[in-house]
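One chain, chain A, appears in both complexes that follow, with chain B as partner in the first and chain C in the second.
And then the complex of A and B:
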């Protein structure tokens, strides 16, 4: 079970990242949950200052940009 | 029907119905405002999109991809040198915050994990005002004078505001969050001069492609009958009668203005260098472009280029719809610059509230700007419309400084980060500073 968290205050890039993460998880066919973190104070707790960011199982994987579904697949492996 | 879930849609439909029921089509003011809005959008499309906005998007895209944000944030971290932190915070908006939605997380990060309240507020104030896109568009549409004043004002006052916030709250510096700042890995290192040359050639293309010919003379007009403000037209006088003056301005547009409003005409000193550059501008642009293509081909990898194009496209997609909407709204509400180009709001109102350079006009501009929400870059057409309807130069700067830095929604986020009292103090400082810079700029311009 993978836990994916998307950090972002709701800008278009965050939505794109959510889509890509969803696509990557579907393609890998693993069980997962996706959670959107929009509260800025919660985002800070991850030490992230540039949104959007992707967190996999509590680990910050990408900050400040939108990776492609293929790149996200590698991060989830 | 489930009324509980459907009432919002019903309300929307009723509102739309009422709006169209009472639509004042056929009333001259409404109809001409509609035309103004379309005219203004066409003017932007013809004059500003290809030569100004498109290169600006490429520059912004390049900055977001090739400038290592981690290396800038290093100076704003928890253990950063305090003096340096203020300096970096006040100018780093130009490379970091190309999109307004990234300003707030960065602000929160600098405040909670980094250099603290002072540098964080300095960044919050200057960031939106000095991002490259904003400066380029301000200088292009509202003139280089206002563009430079906006950048310089934002940087100077951001340091002052940051220092004041720090002094007021020096006793309660928050405990730093334990978390380490997570940063994107730095991009492939390229020597500084290569990056410098790359950016310089892009900026060069932007500057030379837009090189304007200076006119033969500059005419000063009073804005709006009985107006407090003035505006200038630069170009060549074609015809001058008792009633009207006809001028062909530097971009080739013919303008006829009532002679009663004419304040004075001065001859422009033509500099030969300016003329030579104007004549050779396309040759210079081509040379720069050739050099640019060569650099891109030699120094950059395929992946980097793809990322650059994607970032550029991202900005274009995000900003163009907002800007189009902003231009249409500004045209509809305020019309184009010049008499007989009024929008829905009469020029006399704008002129009475924001004309001249009084304390009241500057304060009004600052307060309105602080609470109003401006989507990225839309402050430019709105200020252009206001200036056309009689807003003074000082209040224009005040609005440009207070506007993008704050809005009611952003205040709420800021409040959730640093609390109500600090937010109120910050808003108060921003309004005061914007008013003061407006007064100073209005007096000397």
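And then the complex of A and C:
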């Protein structure tokens, strides 16, 4: 079970990242959960100072960008 | 990124890493970085997180608009630490270049301001 977390306060980029992460997980056909982390203080606990950011199983994979579903698939490998 | 609920996707920060070492010059580097952070010149960030390879610190640093490394002494630990973590494009300030010699530079407001002023120039250039 992959745990995906989307760090961001809810702007369009954060929503797009959520969509792309969901698409990547669906394409890979793996069990997963997606959690949106919108509280700035919780976001900063990851050491992240920019959003959106994607966290896979506790590891921050990308910050300040919206990767494509294909790029996210590689990050989930 | 401030603690208020605002979007943090509007551009990378200008990050400042200081050695914050045990010697007088390490303390001056640290205080200068904190002053720059307070003054809004850049954002002080955790050098220990680079050494510890903390993913959030590394990825945020990769997304930074610019990085300034402030080393207190010629051992250049910040510079070496950033390079070992894969960062090669950053500005570097070494306090000896400003005449602040290790173990001979009392931590004063004047010395902190001197370093902060030079660092601000480098960040702005």
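Just so it is clear, the second predicted complex is superposed on the first by the 77 of 77 C-alpha atoms of A that agree within 3 Å, B and C clash if a C-alpha of one lies under 4 Å from a C-alpha of the other, contacts with A are read in each partner's own complex, and residues count from 1 in each chain.
Keep this in mind: a residue touches a chain if its C-beta (ideal position, glycine included) is under 8 Å from a C-beta of that chain, and two chains touch if they have at least 3 such contacts.
Please read all numbers here as calculations on a predicted model, not as lab measurements.
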After superposition on the shared chain, which partner residues are touched by A:62: those of chain B (first), chain C (second), both, or neither? both
Report for A:23: first if it touches chain B alone, second if chain C alone, otherwise both or neither. neither
For A:75, is the partner it touches chain B (first), chain C (second), both, or none of the two (neither)? neither
Where on chain A do chain B and chain C both make contact? 9, 11, 13, 40-41, 43-44, 46-51, 53, 60, 62-65
In their complex, what parts of chain B are in touch with chain A? 69, 73, 99, 101-102, 104-106, 108-110, 112-114, 177, 179-184, 314, 317-318, 413, 416-417
Touch list for chain C against partner chain A, complex: 1-9, 12-13, 43, 45-46, 49, 54-60, 62-63
Given the complex with chain B, which residues does chain A contribute to the contact? 9-13, 39-41, 43-51, 53, 60, 62-65
Going by the contact rule set out above, which residues of chain A touch chain C in the complex? 8-9, 11, 13-14, 40-41, 43-44, 46-53, 59-65
